[in-house]
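In what comes next, chain A is part of two complexes: it sits with chain B in the first one and with chain C in the second one.
This part shows the complex of A and B:
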């Protein structure tokens, strides 16, 4: 089983690595690169929402901070691109530390409010400061090399995925985080310091988002508050993660691919009604919450488990031992 | 510099009244449902636009149909709440988290609908009272009081008193307070949690929409205004202390004063930054609100 999994992972990585060789079309590569980016944003959002149980409504702020750090360092200080990326990640992580310090001690509602307000505040700050170019945004030197960005984005997102997979699914850290999600008081009783763990998870989710923002800035070569700090970034990452399935890494990945593919088609056909996209995002999220609370992936994997339980239940019912009311005892 | 100080204080005080009404409704909804509603700003936006179009079609004073706006949106809220209730009482996943996500999705949808139907332009609701103002002169202090803002304060007082009566003197209010203290025990005492929550949500949505009309008479409205007012509502509720109603007026007046100070003395673009700064400082120092009495 393990070997087969490894084989599949190897095949998909090799396939993605060879993709630019067989499909060198820049438009296609651009779309795939953006899919990588959204996968990265969705899985990092899920670290807080799905694993830790805290909703971060300002994830886009970290992305935007990263983009602006790269742009400012490159244009105002003349740093080379490669050295700006770690700084972008660190600044985003520092912003998470500052934002999380007062709010992660409290209940989830406070955290949701504070991150939402943080996103708006960062947006306003980018608009009024001089160093960010205000509403005019910033232009970066064009570097027209689609394959470079394809591989860079892929490497970063794959590394993030692997790191999160190890930390959340294999290492004790994941167990601690999940313990906090399930029962914070219980986790405390086990000797876990919830605030520290939540803080680590929050910073862990912010740093990759910042680096992704930095790559995005150099890739698109123009950033302004309406593009890299827009609410739609958080909204979209959220919808992807929720639709795919919270609390897993595969779920947000699937959600990101599906939602982004849908968006690409939607944009091409309904370009005049771009705000309709907001309605669709909101509709997807609301319907998912009501009808598929575990998301797509959670429902699919739950379905196979559910079928097993169903089969067992049917086998039990044949001798008619439990006439009724057995289902209610579970809750 | 200091010549405008009393003016800033008066402006802020007058506008703060409207934030009081929004925040009280918001606190009530939080009290019974135990989730914060991210769509609060969008309800305000929808109410403001209903007021705008009604004024345009009927050509009458917008303040006259405030009750109509309230009834329409209270009905919408009442009919809508069961969906949130269903999410909240779900067994799968994490219901509280999901309900929060749900209200967020709702906000997104309303915003998208608003942008589609109302467009991106800013409007303002024409009211006969907007033009009028009177001046007060006390010694060397000179203050202009716009009639529409004064009306806003009177409206806020009326709503607050009505809610106070409803909560403290009626059986319904007793039920609401019981529900916000302990849902299960309230249910055992014969309170229909589902229906009471629906009523409260309806009242909250209606009040938010009504306040939206007044906001539209004082400031400009646009389909994107929602998130700003959502943050304002959070600000007031967090500063007051989540669920502590008596703190709401102070926090709301503080917000109004901050807003008018930034309008008069600094760049209005910094208002949200200042709001975030204060919110952050309060959460850092005293997470239970300015009075330390929140939950």
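This part shows the complex of A and C:
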């Protein structure tokens, strides 16, 4: 079974690596590159939502911060592109640290609201600052090499996936994070410092998102607050993760591929009805929560964590301490 | 007398105007079982929360192994060797029984393989090994209470705080749990037990601490405590206490 899994992973990686050789069409490569990017955003969003139990409505801000860091370092300081990427990741990580200090004390919907507001604040900042070019955005030197971005995006997302899989599914860190998702007070009694673990998870989800933003900026060559700091980035990553299945890494991956494929198809044939896409996206999330609360992957594998995670992560009040089971009565 | 493992001095906790615990002092020696009893609302669970760090005390001092631990956070105390269970059991329902215990074992065994080995040993000793792979949510109440004890034990504690781990179990399950508690005591762990079932607490405790309205009204051997008029008054009312 293990060997078969490894074989499948090997075949998929080889297939993806050879893809540009057989399908060199730039439009096609561009779509696959963007799929990689969304897989990266969806799985890093799930680190906080599915594994730690905190719905981060400001995940897109890390992406936008990374994009601006790369743009500013390249255009204002003349750094070469490659050296800006680690800085983009680090700045996004630092932003998570600063944002996490106040917000990670909040629970349930309060955390969601606070992160959403902070992301809006970041967008406003990019609009008013000079260094970001304000509403005019920034233009980067064009580097028209679809294969380069294809391989770069693939390498980063594959590395992120492997790192998250190791940390969350194999290493002690994963169980500690899940303990916090399940019961923060109970985790404390077992020697787990929730603040530290939550902060580590938040930073872990922010750094890859920042690097993705950096790559995106150089790839698309133009960024402005309305594109890289838009709400839709978080929203779309969220729909992908929830639709695919929370609390797993495969789920968001599947969700990202399917939803992005749909989006591309929609864009290509019904470009006049862009608003309709948002309505459909909203419909998808509503229908998923009601009818597929465990997501596609959860439904296929029978993993029922997704539903519980959603319900818990959105709760405003912690449940009152009530006896469970029948025989709990005091004698 | 040897140096006490836990020493509590003038412990006071107020919530607003309510004195949940007032100037309670006691000590626990190594390998001793202390029963903590009192009517509902007497402050038993508050004492647990104070010793395990969930509430900072308003006044007073708590020392563990001769070290002042007043105001330390729960996770620090867990690592120092104070394990606790919760009256309303707190399993991690989305994880397996084994994973639940492994998480606690990380406190002493940072490597996953070591922690798993240790968790298996604990599950063998608490009789949950055959359910290790099941989801914690699927356990019965008895199983969940046993899991609570297993998790606290995986910390390799010197002091164990057990909050109503027998209440709600059927007689067979209760006997098994009592046997387990006595085994733990024999292995040198000190235990503070809250329990409403008098038969249990009188039988297993080396001495008993009685609380009423947050105050310590008696402490001593089970037989002495049951004859103490203050205690009888607290449980049965003034009239019963007056009768010989």
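Everything that follows uses one rule, which is that the second predicted complex is superposed on the first by the 302 of 331 C-alpha atoms of A that agree within 3 Å, B and C clash if a C-alpha of one lies under 4 Å from a C-alpha of the other, contacts with A are read in each partner's own complex, and residues count from 1 in each chain.
One rule holds for everything that comes next: contacts are C-beta pairs under 8 Å (C-beta built on N, C-alpha and C of every residue); 3 or more make two chains touch, one makes a residue touch a chain.
Keep in mind the model is a prediction, meaning the values are calculated, not measured.
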One more residue to check, A:278. First (chain B), second (chain C), both or neither? first
Look at A:172 in the shared chain and tell me whether it touches chain B only, chain C only, both, or neither; answer first, second, both or neither. second
Winner by number of chain A residues touched, once chain B and chain C are compared: B
Which of chain B and chain C A:190 touches, first, second, both or neither: second
Using the superposition on chain A described above, determine whether A:181 touches chain B (first), chain C (second), both, or neither. both
By the touch definition above, which chain A residues appear in both interfaces, chain B in one complex and chain C in the other? 181, 331
Residue numbers of chain B touching chain A in their complex, please. 30, 35-36, 38, 83, 86-87, 90-102, 104-113, 115-116, 227-228, 230-231, 234-235, 238, 242, 267, 269-270, 272-273, 275-277, 279-280, 283-284, 287
Touching residues on chain A, where the partner in the complex is chain B: 49, 53, 55, 57, 99, 101-103, 105-106, 108-110, 112-114, 116-118, 120-121, 123-125, 127-128, 181, 231, 235, 238-239, 242, 246, 273, 275-286, 289-290, 293-294, 298, 331
Under the stated contact criterion, what part of chain C meets chain A in this complex? 40, 52, 54, 73-75, 78-79, 83-84, 86, 88-95, 99, 102-104, 106-107, 110-112, 115, 140-141, 144, 151-152, 154-155, 164, 167-170, 196-197
Can you name the residues of chain A that touch chain C in the complex? 170-172, 175-176, 178-179, 181-183, 185-194, 247, 305, 308-309, 321-331
